[in-house]
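In what follows, a structure is listed as structure tokens, so that the remarks can point back to it.
Here the chain labels run A, B, C and D in written order, and each chain numbers its own residues starting at 1.
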Amino acid sequence: MIRKILVANRGEIAVRIIRSCRESGIKSVAIYSQPDRTSMHVRYADEAWPVGPGPSGQSYLNIEKILETARKSGADAIHPGYGFLSENAEFARQVREAGLIFIGPDAEAINAMGDKMKARELMIKAGVPVVPGSGRLTDDESQNLKIATDIGFPVMIKASAGGGGKGMRLVEKPEELNSSIRRAKSEALNAFGDDSVYMEKYLKSPHHIEVQILGDTHGNIVHLFERECSVQRRHQKIVEETPSPFIPEKIRKKMTDRAVAAAASVNYTGAGTVEFLVDADMNFYFLEMNTRLQVEHPITERTTGIDLVKAQIKIANGEPLPWKQKEIGKSGHAIECRIYAEDPERNFMPGAGTVLHITEPLGLGVRTDGYIYEGYEITVHYDPLISKLIVWAQSREEAVQRMKRALYEYKITGVKTNIQFLERIMNTPDFVEGKYDTHFIANNEEFLMKGENCNQSCEDLAMIMAFVEHQSHVDKRLRFNNGQSGKSNWKEYGRLHRFNPF
Amino acid sequence: MKILAKNGKHHEEIKVIKREGPMLQVSIGNREYSLDVEKVEDGVYSVLHNGTSHNMEIIKSEKKHFYAVNTQYQSFNIEIAPAGSLKGDKKRQGDKNEQILAPIPGKVISIKATPGDVVKEGQTIVVLSAMKMENELKSPIDGIVSKIHVKEDAVVKENSVLVDVKAVD
Amino acid sequence: MIRKILVANRGEIAVRIIRSCRESGIKSVAIYSQPDRTSMHVRYADEAWPVGPGPSGQSYLNIEKILETARKSGADAIHPGYGFLSENAEFARQVREAGLIFIGPDAEAINAMGDKMKARELMIKAGVPVVPGSGRLTDDESQNLKIATDIGFPVMIKASAGGGGKGMRLVEKPEELNSSIRRAKSEALNAFGDDSVYMEKYLKSPHHIEVQILGDTHGNIVHLFERECSVQRRHQKIVEETPSPFIPEKIRKKMTDRAVAAAASVNYTGAGTVEFLVDADMNFYFLEMNTRLQVEHPITERTTGIDLVKAQIKIANGEPLPWKQKEIGKSGHAIECRIYAEDPERNFMPGAGTVLHITEPLGLGVRTDGYIYEGYEITVHYDPLISKLIVWAQSREEAVQRMKRALYEYKITGVKTNIQFLERIMNTPDFVEGKYDTHFIANNEEFLMKGENCNQSCEDLAMIMAFVEHQSHVDKRLRFNNGQSGKSNWKEYGRLHRFNPF
Amino acid sequence: MKILAKNGKHHEEIKVIKREGPMLQVSIGNREYSLDVEKVEDGVYSVLHNGTSHNMEIIKSEKKHFYAVNTQYQSFNIEIAPAGSLKGDKKRQGDKNEQILAPIPGKVISIKATPGDVVKEGQTIVVLSAMKMENELKSPIDGIVSKIHVKEDAVVKENSVLVDVKAVD
């Protein structure tokens, strides 16, 4: 039985994991880098221990220090969150060797899915469609050209050990092929110490759709339906929703079925995500499997009602999944917007700074998972994701309306955020109609970057109030004090109603 | 100068042993604590003590030298003062008279005692309607009702004296 | 088509109604009394107009002024919320006479349900069980005694026009009966200008369970299941949940069926609630019908997924209900805790004052509907309800755990609240086991009023930090500044990770 | 003294006509406004104008006389100054040189130009990695790259000068 979990992460996901620990009566141990001393996960956890200075390599990626902290605090399990060490097979292995429970899959499954070429082979064996492509490319230039011609241009060159774009090359013309392969190999060698690259067909207007998987240690694997993640800017997801407005039920069935097969092929345990690319003709292809919790997991939690972190903990405890596939339902529609500390007007430059005011959106159908607070200083060391806004409604149309309302309420000042940019996404006809693919942002750039209409009186008021604030320091006539409205004026206190009628 | 902290009847002497950046070493009574203290907002501190994480909000009370300390689970009302200057409960117990005041403005719904009545501590003496709720104002001591300052249906201001209760020894 | 709604209310319910207006593309008009100028509903609405000074009689109950404001602002409908004018038939009539839409039932339905004796008669006719009792009592003392003996002591004397306890008398012994009737009559005459009183059997350990109803203008009436509201302090609900942990499915079916019959008997339109008392043997009796939205409506919204305010607006628009009864499902378990500005340690005295800090509970399964903000001054003029905390989970057990977690996160300072009292309710064995009736608070008073255990180090830390704050003004050694941890120290800025791996 | 408010290139004179409690009558250009103004928090105002409800947050910028005004839908950056003292855009356009600075600390991933290159306004010159993101720093003007101050892989501080661009007339 897990009694105390060390959360080897920071930010919103650390807070989110600790919430589920708290609800389960499990003690939580936060770790923090020096600049994160005042971060919310430190304040919210039952315990908090320092693990090193700001750079992640010396703190959140410091395996030795983290294991030492787990021992010191008496934790019996480690939750890696996402990012950092979550897909590091070596970490998973060392955690288990230290006699602790790693809340995630086996090192073998992480390894198998981490090597893209190996994963491709496994998927082909398991009957999961993969993007047409090659095995490991050799230096035989004419052979490479033949492979590319068979697949059909354009093609992508990808590093086997890769991720995040490194060692990736898009090749549109045959004459660019072999020089691109050479450059990709050299980049891959530099970045990963391994120059294996392979070739894949380049899909032109794909959808990025992923399937949530849960597997227990008793051989049961279920899916929790799909998430549509095609709203991306430079491979960074911004908005996710479930169900996908794109795929029909028949394709959903096929995809979720193949996702379960993919997970089964590596005896997957824990929560994982099988990512697919889906082309305009509804052909879907395995892209990769993320062997961890996903940033966008809350939309699945909302439509299925399942707390994925609690499910992870129970699986790690060796408990069998409490539901069979047919008992897992979904209802309504959920959308997530990622709130980043970045400035869309300055090319989405991430920003650090002190948070002045936050107004969280509240009320029906709204969830926020964040970690900043008023007075908190966002540092430059980490990812600029500061919060996730998740809404649910009975229909997609209502969910979009609700997201607009929630974004309208969401006010963060002191640092620039992408909230107004997200509002514009919600107003973009292609999004409203659910007709978008991974080129959505690029295709709608003009609409998205356009400012809101401002009539004269709205500009006038802004100028007047800037003037009022400016002059209030020198001109008594313009000094307004909090609470001047006389609401504290007991004199006008009159007859009170005796009973509360509600 | 000795400084005492007092929570209700319990008081302790506090001494700073060492402060280095966020690290504060302090003794209270005969116990020593090493604390990692960060001020995260005005009046809000994050305190780590042997790895245990505490959030504490400290609000200066209107009463001089009194501080409300809100932890995750509890609220304390703590007085800080040089040794010897604490207002003891003892002194207050010597008072012969206690007053029932209106804690918020409201309307007197009913008065449940008449002058001369013997009342127990905690016995409801006045029902005051305020914020759409009826509120029972109770005698702070065992005693005798010595004077009633208001009538039923009267609208009263905050801190108006409603009833005097004289202590019985 | 409704395009602009005047919300004739304040506080959390006004904000909640405006949220649904905003999601529906309907403009909102707030009204405010003088001390409410800075209240959240004024700041959140599209428009806001003053209607008078603090006392409700001169502002929120000022029908003439409200109708004038509706005209001035061009509103085409009025939503009354709960309390204030929501069950005032005369207001409903005048709103309609002014050519506006009243978002609520007909004046006739309000009237019928507002007169308790009339409602009793209607229910008997409609086959809805009522508490055994009498018609209007005369001055015939021996006849009254016979009625009481037939019903069986103890009995309750109630005013026909009554509400909230006025003109109510519990009679335990025959010899007290006729003097109690006389006093109840005189009280009723004073309070309501009508001395009609009747007698009812006094139920000893009843549950207070209510059924949510929706009726459209096309004669369709559906129920949205029940809410268990037995956690009350002096007739004031504190915690509500759905489904009720008390009643079995068979009784639920019967009660909801009778609730629909009750609403049908007055051709009910809009949202309404049929309240029942249920005794230990599962006999249920009609108590009253609330012809308006209920404070605790969000728990029903959470388990059924239906936005009740939007449903009210659509019904007022003349649209038929979009679902048949069998299409309305429920899932999981929802609990609401009412957050009051009151001091449980001073006999629940409501408190006014300025809000210093708020930390809203967030994350999975949590909703808050509130209206206060940091710096807001809670006034003495109105109800001390400042927020409602609603949680949902798959099971009741998980919902209780989640509520505890959410209450732990909920921090409001500057004014006293009942949050810690609510935490103790969540820890009370009777509540945890779902075994409670309307005497729950009284039966568990000792447990509920007991403070939390505090070990020595927790008290020590509180004393030390009060000392630190006190001394920081005179002793440099004890001065802590925000952001001292060096997180802004760019010098230590080192290697950054190039890609975002999520 | 005349006071001007300036939003980008648009500026107006503002005059207070009358202030009575929360009621503020003011003219901007030739338009008059009657506003009901309440300060609800530091720097946060609730403004009612003919019944329309506006929330506005006003934050003093680090740049003197500049204020960020956040309304429900938009952000403005407004300068307040006596007439005649406004720094015109014109002047700045006369500058022959512009610098590309590091807006936040980071690591230079790549430099997409060499000295002498003709570049367009908005063309990416430097890619800077910071906060786990790649950020494209663009030329503020049409011009010629006159000097490059950093190398690829260099770790740079906030406001470091990375590249000089000389304007072409």
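Note that contacts are C-beta pairs under 8 Å (C-beta built on N, C-alpha and C of every residue); 3 or more make two chains touch, one makes a residue touch a chain.
Predicted model, so just to flag it, every value in this text is computed and none were measured.
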item: Taking each chain's C-alpha mean as its centre, the one farthest from chain C; value: D
item: A-D against C-D, pair bridged by the larger set of C-beta contacts; value: A-D
item: Centroid distance [mean C-alpha coordinates] between chain C and chain A, Å; value: 37
item: Whole-Å separation of chain centres (CA-atom averages), chain A against chain D; value: 31
item: Approximate Å spacing (C-alpha centroids) for the pair chain C, chain D; value: 47
item: Chain B and chain D, separation of their C-alpha mean positions in angstrom; value: 50
item: Residues of chain D engaged with two or more neighbouring chains; value: 22, 38, 40-42, 44, 105-106, 130-134
item: Of all residues in chain A, the ones touching two or more other chains; value: 37-38, 44, 236, 373-375, 380-381, 383, 408, 482, 485, 490, 493-500
item: Category of the chain touch graph - line, ring, star, complete, other; value: other
item: Chain-to-chain touches, reported pairwise for every pair that qualifies; value: A-B, A-C, A-D, B-C, C-D
item: List of chain C residues in touch with chain B within their complex; value: 234, 236, 341-342, 346-352, 356-357, 380-384, 408, 411, 413-414, 420, 451-452, 454, 456-471, 475, 477-478, 480-482, 484-485
item: In the complex with chain A, residue positions of chain C that touch it; value: 15-16, 19-20, 22-25, 34-38, 44, 53-58, 82-83, 87, 163-166, 236-237, 294-295, 298, 301, 305-307, 331-332, 354, 359-360, 362-370, 373-375, 377, 379-381, 383, 385, 393-394, 398, 401-402, 404-405, 408-409, 482-483, 485-490, 492-502
item: Residues of chain A defined as touching chain B within the complex; value: 29-30, 37-38, 42-49, 72-73, 373-376, 490, 493-500
item: Of chain B, residues touching chain A in the complex; value: 22, 36, 38, 40-42, 44, 46, 48, 51-53, 55, 105-107, 109, 129-134, 155, 157-158
item: For the chain B and chain C complex, residues of the former touching the latter; value: 3, 5, 7, 10, 12, 14, 16, 19, 21-22, 24, 26, 28-29, 31, 33, 35, 37-45, 47, 49, 54, 56-60, 65, 67-76, 78, 80, 103-106, 130-136, 138
